[in-house]
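Here you go, one structure.
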Amino acid sequence: MKRIGMLTSGGDCQSLNATMRSVAKTLYGNLEEVEIYGFQEGYKGLIYNNYRIMKPSDFSGILTEGGTILGTSRQPFKLMRVPDANGLDKVEAMKENYRKLKLNGLVILGGNGSHKTANLLREEGLNVITLPKTIDNDLWGTDLTFGFHSAIEIATNAIDCIHTTAASHGRVFIVEIMGHKVGWLTLHAGIAGGADIILIPEIPYDIDSVAAAIKKRADQGKRFSILAVAEGAISKEDAKLSKKELKEKRSKRIYPSISYELGAQIQEKTGQEIRITVPGHMQRGGPPCPFDRVLSTRLGAAAAELIMKDDYGYMIGIKNDRTTRVPLEEVAGKLRYVEPDAPIIKEAKLVGITFGD
Amino acid sequence: MKRIGMLTSGGDCQSLNATMRSVAKTLYGNLEEVEIYGFQEGYKGLIYNNYRIMKPSDFSGILTEGGTILGTSRQPFKLMRVPDANGLDKVEAMKENYRKLKLNGLVILGGNGSHKTANLLREEGLNVITLPKTIDNDLWGTDLTFGFHSAIEIATNAIDCIHTTAASHGRVFIVEIMGHKVGWLTLHAGIAGGADIILIPEIPYDIDSVAAAIKKRADQGKRFSILAVAEGAISKEDAKLSKKELKEKRSKRIYPSISYELGAQIQEKTGQEIRITVPGHMQRGGPPCPFDRVLSTRLGAAAAELIMKDDYGYMIGIKNDRTTRVPLEEVAGKLRYVEPDAPIIKEAKLVGITFGD
Amino acid sequence: MKRIGMLTSGGDCQSLNATMRSVAKTLYGNLEEVEIYGFQEGYKGLIYNNYRIMKPSDFSGILTEGGTILGTSRQPFKLMRVPDANGLDKVEAMKENYRKLKLNGLVILGGNGSHKTANLLREEGLNVITLPKTIDNDLWGTDLTFGFHSAIEIATNAIDCIHTTAASHGRVFIVEIMGHKVGWLTLHAGIAGGADIILIPEIPYDIDSVAAAIKKRADQGKRFSILAVAEGAISKEDAKLSKKELKEKRSKRIYPSISYELGAQIQEKTGQEIRITVPGHMQRGGPPCPFDRVLSTRLGAAAAELIMKDDYGYMIGIKNDRTTRVPLEEVAGKLRYVEPDAPIIKEAKLVGITFGD
Amino acid sequence: MKRIGMLTSGGDCQSLNATMRSVAKTLYGNLEEVEIYGFQEGYKGLIYNNYRIMKPSDFSGILTEGGTILGTSRQPFKLMRVPDANGLDKVEAMKENYRKLKLNGLVILGGNGSHKTANLLREEGLNVITLPKTIDNDLWGTDLTFGFHSAIEIATNAIDCIHTTAASHGRVFIVEIMGHKVGWLTLHAGIAGGADIILIPEIPYDIDSVAAAIKKRADQGKRFSILAVAEGAISKEDAKLSKKELKEKRSKRIYPSISYELGAQIQEKTGQEIRITVPGHMQRGGPPCPFDRVLSTRLGAAAAELIMKDDYGYMIGIKNDRTTRVPLEEVAGKLRYVEPDAPIIKEAKLVGITFGD
């Protein structure tokens, strides 16, 4: 009998259920005896031993369902070693629950922060396999994370909708796109949506060069411009600040987010009417797109295969269209950024997209 | 030879092109000779004589296209009688251009404000036919306006996306929905999206009763709640204020919109984590839904039929699934509100939806 | 304690779950004590007493789910009085199970055939409330059935997809659309999709006039034509045949459906390349559109309200945007057809759509 | 002055316009002087000198438009050397028109057949750059072709719709998916749609093993099964036949396509009710998905860059997420098949998908 724990951790995204379904179907279908323990709301479930034993039917019909049937929560890595309000040592609690339930392994679907905790559990002797979950696509060790392409579709659809209204009114529109500290989502949705200007954290922007690009379009008789702006976009000026200085500066910001600040600056510099759209959490919701469902199915099967071989300590990623395993210690704590001189950036510039640099 | 002017005025919405296509196809197909003059950017085009003579092919392939091929702009009714920067009398200019071009009639696609100007032009002796354009569905004299159902689809999709993330995280989410001063869009999208609480201008809310509804759900073990909130939603308190008092109070508001104010109040009263999503201008963009395309085709054909009969001075509406003409003087200046005791409200309450009253 | 049976009967369609959810939420929320008995696979479940007692959570999260959580099956009305293979009298069995379970009432979601059986059960003394389920929109006594607008969206999307390929290749395309014996679905999807020719059962077509319309378009330089053809479309010739003659003629038909026969005839008469697309069962699948979700919520609430008043023997319909109850004996056995001279037909003709008459 | 010809050839697919837009925007934006000659309806336009000089605005707003603004047609390679009805030598005519217009290069968007002709033109001394267009994804020399992922989305949506109706009725459904002689599209859509059985040309199927898989599911209490079947799927028996024998056998087939034959066989062997859906040409229509738009933008920019360098004779492909150039002589005449033991096949089998082998 194999006993496998499973949990989803951090911000939710599309295709979590599709991934768990694939792990579960592979285990149920290829092992004589297996029991899957679903921990509720991420690491919290493991800490407080809040779980239910799953049935095969729990994983049926969830391929296309958004969200996660296990629930999730954010449990910051830096608080993992800090005892909870009742003095409970969280890491020890997780280890104890794992042992008590006689688990053979633990499947963790998580993003960047969750991988640090996953690696910690591995260091503490638990058998851990992780799967790369995030719309940000910022996990080191894999070309793609699931959720990324579903989020691209939603963000692109937002730009598509804005396109017709921008064109009708001759306005400048900013669409603010998620992605945390990296620009993957904004870059792809921006190109797919035909944005004129794309601002991402990896390429700090110069506000004058952004304004100039908008003016140039107006001078060419183009009545509107669309900016795809990453929530993490940063000006050249701010990029020079220390982390502390930036934090202090931002704490004084009167705008709810970068787009509003940018919008005010552009309006001042160009005199053009600006509108701002922030699709926000919509980008992580709804059913996974077909691309993500295939990716999730492949990653989940590969994860289950390692479990069947009792081979733990890896994140399952995909590289050059092949599923691959990456040692957890290599993944944890690293971010994968867009390279400012990547071919896709060069191609986007050839087509006429401005990055404000 | 019949010469017909055409313009789209006010905020854009879906199905403007589908409607113009229908007018044009009907005129081209049923009249020996017809010339359509497309004025650019709404009344502005008529004021400054900025037009182009359209070709049948201009109306080809636009049934599914969002926005408006003529462009649009907002020209507030109350400024119509105020001369422009160069001292030009706008109303006289419109009349003169109409006469100079020897137009037989003018087709105006517009919302509430645009209908006041349309009626003014009628009073000034122009032959006017209007078509009810707005995602707000607030035009008097018609059961439905085109754009409304397309916007419902986008707003509902926003709630759908939010649903999965709200359920996964156990959060309270506010989705702010357009609709100007009326609640049609929020009411329909809220019911379609399975919102737990719907707040619309026509039913002022009591913040305590809203908070109580959220707490009740939490007490029943429901981990999340979704609020569909109209951009024009108003508290019972504020509803008692005079227009002037309200304006003054709102001018001091630190929140970008009602949702943020409401969110802060709910967080304080319930202790629950709140997230806010504002799909904004997305709601008026993108291709029209099939419902709107059928509606637009019907309204456009009926408008063209009146033109063919030289019968002017009406808005074309739809009542009980029949296209109908309504005298412009009856339409102008009136809003169609949701009735607080309408059957649909009663049914929504039966299903368990709270309106905060 | 109120005990209510529930079943879904006949071909499935979108919004069955949304409708049941509304009935259930209204009953659970407004009655002290209620038990809902879900019969499996339509009348079959009632005949063979195959049911489960539902929980409130069974109806949670199903607003957007296609299909039916109860399953469905076709049980032809004309076989209801014929004993089954084991000699069981089906009608008596249904009555007995109803009594044995001490049901207070029975909610039946069904289409045309299912309403005949529902009325029979009413005549036999059972308390029955029905809800109008069908993509065909052919139920007498209601302006709309749920499923109809969701199916319009799918059929319209099929035409939209075909549009771009037809235009690129300059081909004549036939899109065959469901709808059983009536033309509602084809009429609406055809107009929404911008079809050039629409053929529906209510307006028998003349093949020469269809071919002439295609040739006329070609002569005008239009490289393609799109025909939206109802699965029940019929030629003028065939419309004159008796039921028996038609059946005999069709039994000899070498084509899988009307579209193929029509396609061959058009190819012969016009010399143009024809392609045929049959989206088929796709049209009844997938999530309900927002329009249907609102309709289902309203109908379901109104049905539950009657149950709460112990007022049985009706179908809940919608007329002029108000939910209404219609005596079952008036509904059963009647079809609602498109009127060949309805305003919508007249408007479609004005826009240039040909009906082949 | 650079003069560049452009044409789209063969069956249309999504993202043709997006690709041409990218080529054009890159050329217009980076060259002092450039003229683009758009040949109408594929090679036919080049043969008969049917072209128009494009304007930058022709490429504006077409990123999301399905089809091709240039039109397309199939011109079989094997007829290229055969004179036309008027004795015209097609290849010589193309060469002559190319010279007469003083073209510097020719951009051809085409699939497998079109690449043979493109290579022929290269051999005849023309400067040719090609772009890989097909929903089949069967072009040698690139990981991906544009159109492929858009078609996956449509085919997957078809399976999704069928899923709910199959589950409600407990039926076996066959969804026939395009893909010509290869299984890429069916494989991806099948996995994404959660098909139970996937049949592709590269893995000939055994009808008994297909029937056994369906029976096994029924025995496990699963009321329905979904088969994703490639239009080119082939039985083990047929796979052993010579090309000639197969052609002869198929010419006698009474079924319109493989799905109908398969359906009849399964019905006979399992006794289960079978339904068949053939989305057909829908799969190549409608707007490109965001994935394809990004791909097209990248490929188009890379193609234009080669033109700017006067470096001809290549197809632009993508390998490991980098655009790449592949000599035309290597591409022409080769198909890229799914490898029967590819990792994705292995992973699909792990999850429980049956391939009938």
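As written, the chain order gives the labels A, B, C and D, with residue 1 at the start of each chain.
Definition applied: a contact is a pair of C-beta atoms (placed from the backbone, for glycine too) under 8 Å apart; a residue touches a chain by one contact, two chains touch by 3 or more.
Computed from a prediction, not measured in an experiment: that's the story for all the values here.
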item: Furthest chain, CA centroid comparison against chain B; value: D
item: Intercentroid distance (Cα basis), chain D paired with chain B, Å; value: 42
item: Intercentroid distance (Cα basis), chain B paired with chain A, Å; value: 35
item: Rounded Å distance between chain A and chain D, as computed from the means of their C-alpha atoms; value: 31
item: Shared interface positions of chain D, touching two or more other chains; value: 160, 167
item: Graph class of chain-chain contacts, one of line, ring, star, complete, other; value: ring
item: Partner chain C, residues of chain B touching it in the complex; value: 22, 25-26, 29-30, 61, 63-64, 143, 149, 152-153, 156, 160, 167, 188-189, 191-194, 289-291, 293-294, 297-298, 300-302, 304-305, 320-323, 343-344, 347-348, 350-352
item: Interface residues, chain A side, partner chain B - complex; value: 8, 11-12, 14, 16, 41, 65-68, 71-73, 154, 157-158, 160-165, 167-170, 173, 223, 256, 275-286
